[in-house]
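All chains are identified by letter, namely A, B, C, D and E, in their written order; residue positions are counted from 1 within each chain.
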Amino acid sequence: MRSFAAILRRDLMLAVRNQGEMLMVVGFFAIAATLFAFGVGPEANVQSRMSSGVVWTMALLAALLSLERMFALDFEDGTLDQLMLSGAEPAAVVLAKTLAHWLTTGVALLIAAPAVALSFQLPSQAYGALMLSLLLGTPTLSLLGAVGAALVLGSRRGGVLLSLLLLPLYSPVLIFGAAAVEGAILGIATTTPYAVLGGLLILALTLCPWAGAVALRHAVE
Amino acid sequence: MRSFAAILRRDLMLAVRNQGEMLMVVGFFAIAATLFAFGVGPEANVQSRMSSGVVWTMALLAALLSLERMFALDFEDGTLDQLMLSGAEPAAVVLAKTLAHWLTTGVALLIAAPAVALSFQLPSQAYGALMLSLLLGTPTLSLLGAVGAALVLGSRRGGVLLSLLLLPLYSPVLIFGAAAVEGAILGIATTTPYAVLGGLLILALTLCPWAGAVALRHAVE
Amino acid sequence: MDHVFAAAAFAGTDLSCRRGGRLVFAGLNFGINSGEALVLRGPNGSGKTTLLRLMAGLARKSSGVLTWDGADVHDDLPLHGSRLAFAGHLDAVKPALSVRENLAFWADVRGSSLTDIDKALKAFSLSHLADLPGRVLSAGQRHRVALARVAMNGAQLWLLDEPTNTLDDAALSALQGVLQRHLQNGGMVVMASHGDTLLPQAKTLDVRAFIAKARTADLESAA
Amino acid sequence: MDHVFAAAAFAGTDLSCRRGGRLVFAGLNFGINSGEALVLRGPNGSGKTTLLRLMAGLARKSSGVLTWDGADVHDDLPLHGSRLAFAGHLDAVKPALSVRENLAFWADVRGSSLTDIDKALKAFSLSHLADLPGRVLSAGQRHRVALARVAMNGAQLWLLDEPTNTLDDAALSALQGVLQRHLQNGGMVVMASHGDTLLPQAKTLDVRAFIAKARTADLESAA
Amino acid sequence: MHKFANPTFFMKIANAVFPWAAGLSVLCFIVGLPIALVTSPPDYQQGETVRIMYVHVPAAWMGSMVYAVMAASSAVYLIWRHTVAHIIARASAPIGAMFTGLCLVTGMLWGEPMWGTWWVWDARLTSMLILFFLYLGYIALGDAFEDQERGDRAAALLALVGSVNLPIVHFSVEWWNTLHQSSILSMQGFSISTEMVVPLLLMVGAFQFYYVAVLVIRLRAELLAAKIRTARFNLAATG
């Protein structure tokens, strides 16, 4: 518990020091969505129809980009060796770093999402669903991401390999996240997507720290 | 010239050693498009309308992901110091590494693009335009990317920072690339987008190696 | 710092380690008690680093047992980690944090006291660098921060991989003093080294002796 | 290897270097001719690494001139790079390439001959490791590959940053032999070091002497 | 259990199984293919194109099944550290990817006449595509490390984590209303006629035995490759 708090505190401190890290995720999110709008062209009704998908997909890609460094820097400078020897449970280390990741990027995405959605003319009745689905979904992305980031430590092609591993694992979150927003756009009140997102979150919360811990043990070997 | 060939050869050799690197970029490209389709849902006519934008945006994101490591590995293990001392012009170093990047990722994207476009029901008359625009556009992406990758060397948040730098620079390529495909879909024979893409390529080819060289000099200081 | 430790014994029996499909060493035994030091010797590539990481529980042993007071350390790796301090080829100094913040983080994780930080900084003449960010340190300064981390975190067993690299003369004698005091207080030191004589009283273990055996064992299992 | 070099002179006048806004040293002069060696001494953080990188044209000097046979080296940095070989704290060994492929790449870039590779491998007892991938090398083995790169690429000026770190005894005497031969052939060696005596004939430059000046100059410019 | 973990003993069994598996596979193909492609009745709706089913459906089932085998052996490998289990997983991956690819290709060939398009982003199709990517990811991760053992363990962990996708592939038709056919295998038995069930089962058998036979061949190759790696390394390192 002590080490959990210490790691969380240090990671947040590093994030604040490396000013603008949160800003960068938000920036990527916004720019990628903008580019997308450029690529597709300005027909408003096409955009409104796509808005939930675009927001969710871009959020996911933004989360993905920031993941690679979650453990990589600690791995390269020897900090990870030390953390594994600190007496802390490796699962607690994974959980602390995941929480720090979510607090710096997930929350940033939550803040940026309404603005991006607005630019894609998301119908007003869907904002609640968008925020709720992101709130339930992004922690799962961080948790799964932690396992992926731990798995690719020391591999040759971190970034692209990580995407290849994670995108399939992310797809359920994306599907149900977008479905929740879609439902709200069409005015179908449905709790299924939220239930599934919640279930995925609980599942990830119980399994990912352990899987991540095993991956970390292998990484320092 | 000798060092140009030597660097190109070594980078290609490393790419072959790290088997499947090309496959991975293609994989990312395809998966990102898949996820997007998931997020947006299965309405075919929406998709056909979007296809050019999706293909171009995803190609761009795939190129972006593979860029981060273009110089980073050489920087971290001291190889970049040695390359700067090898007697070669730094601009030749940049050009060799850019060419290697394009040969391993740009070409892979060219091969994967028709399949992704097919899945989004791109009208058949537009494939020529898609390929031609990618052929003209992707080298520019690699060139601009090299400058970006050199600039973020040694910074703390390479990945996201790089995206933030590059996405605005990439937007002209994206806009005209997508416009070329759009034109072909609508049957408007127009040479303007190609002319602009070609112009951008020539401009990038003359400026980027030098800008990249300056960035590398600063990086090793 | 200046903890006094109870008597303890750390030992390995019939250890072997495989890296990348090849046995690095085999049939290796060692034993060390409180107050003792062990210096690992052997030419480059003989397996000193591998053995140190194995002792720390980082590398995976292929066979043998590693015991602390008779109990297998692999039964509780986090516990084993908490009683040792390891300084490897990498210094684990965060560029964005100041020297003091770097050490404070480890004190925080380990629960050691903050006054120890100042003592450790002083022992390695780092006090005047305490507020500099890790990024601007020279190789030797960074290495001294890593050694200060070891000195500070109250572990009984110190595992040091070529600790004298990059150190200047002042730092060498500081290290020697810290090591001797640690041994007097009942600590243990295992240290890989190529020839310095920081600890004249130490036992030595020449890792080279177990390479030949490793090759033979390998050939047998392949047959 | 075993190139014979023409007479040349490498010198620096009134050099100062600023890193992260702080003067590391100032008013530093040095000169070295073919066949001579210069050992840089000074405590950790005194600026040895900085000076070596400055001599190589990697770091940016804040003032002063660096000349080769009287010509400012900054007029043509690629040319200067091609007449020197640098081995810093990082070894520049690619994990995915074999030892031989690593060296072959540098030979390729430099245009040096491939037979030199074998000689360099032999000089540092690396021949039996030639086909192993860089990733499996131990710290000392990797460092020896870096030294072999220096020995092989036919440069007159060798800049070595603490080259003795991580080396075992055999490698130390191999390095000594290679250095002596290089000097006999008219080469130049500048080497940062903390106390070994590989080159008894070398001139020494204590970098510490220029720190004080640096501080004063810093204060003056701040005032 | 420990007996099976010994590669030599395990390969003895595998080699004994091989001729049977290979023989049965060939037999099922010889009997099943003519029935499936020639003598079985055309569908009243789909006509002759229904024959694609006899390849498509077994390939789809094998795609999921092989992944399940992979996940299970990976678990055994991670928990009991039996290398043989991992080698089974590693050897299965390309075969599974091949079956999944075959399902995708035949599905696309079938979709053109049936739905008038090669591909739609429907839930089942997409989830099958994702399974295919999981296979690719597994293979890529296993090869991405300088240290083989490290890649082995990372890939095994991925196989386990990725197994959450299997139910999605299977239940996707029930969770979303899609273009794709719903299950022919349900609580009530088969929902298609017996004349179609027989060749279908024969083809499933053929595919199963084919998998076992190819798996044995690949196991031999993997074990040999591991031996060669060690031998070469020792040779290089000892000079």
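The definition used in the following text is that a residue touches a chain if its C-beta (ideal position, glycine included) is under 8 Å from a C-beta of that chain, and two chains touch if they have at least 3 such contacts.
Quick caveat: nothing in here was measured; it's all calculated off a predicted structure.
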Min route length, chain touch network, chain B to chain D, equals 1
Which other chains touch chain B while also touching chain E? A, D
Looking at C-E and A-C, which one has the bigger number of contacting C-beta pairs? A-C
Taking each chain's centre as the mean of its CA atoms, the one lying farthest from the centre of chain E is chain D
Tell me, please, which chain's centre (mean of its C-alpha atoms) is farthest from the centre of chain B? C
Whole-Å gap separating chain A and chain C, where each centre is the average of the chain's CA atoms: 37
The distance between the C-alpha centres of chain D and chain E, rounded to whole Å, is 56
From the C-alpha centre of chain B to that of chain C, how far is it in Å? 45
Chain A and chain E: spacing of chain centres that average the CA atoms, whole Å: 31
Within chain D, the set of residues that touch 2 or more other chains is 89, 96, 129, 136
Flagged in chain E as touching 2+ other chains are 126, 130, 133, 136-137, 140, 144, 146-147, 233, 237-238
Show the residues in chain B shared as contacts by 2 or more other chains, in ascending order. 18, 24, 27, 31, 34, 38, 40-41, 76, 156
Could you list each pair of chains that touch, in label order? A-B, A-C, A-E, B-D, B-E, C-D, C-E, D-E
Listed in rising order, chain B residues that touch chain A in their complex are 18, 21, 24-25, 27-28, 31-32, 34-36, 38-41, 43, 46, 49-50, 52-54, 56-57, 60-62, 65-66, 68-69, 76, 156-161, 163-164, 167-168, 170-171, 174-175, 178, 182
Which residues, counting only chain B, touch chain D once they are in their complex? 2-3, 5-7, 9-10, 13-14, 17-18, 76-79, 81-90, 220-221
If you look only at chain A, which of its residues touch chain E in the complex? 144, 147, 151-152, 154-157, 161, 164-165, 167-169, 171-172, 175, 203, 207, 211, 214-215, 218-219, 221
Across the complex, what residues on chain E touch chain B? 117-122, 126, 129-130, 133, 136-137, 139-140, 143-144, 178
Give every residue of chain D touching chain B within the complex, in rising order. 56-60, 78-79, 81-82, 84-86, 88-94, 96-97, 101, 105-106, 108-111, 149
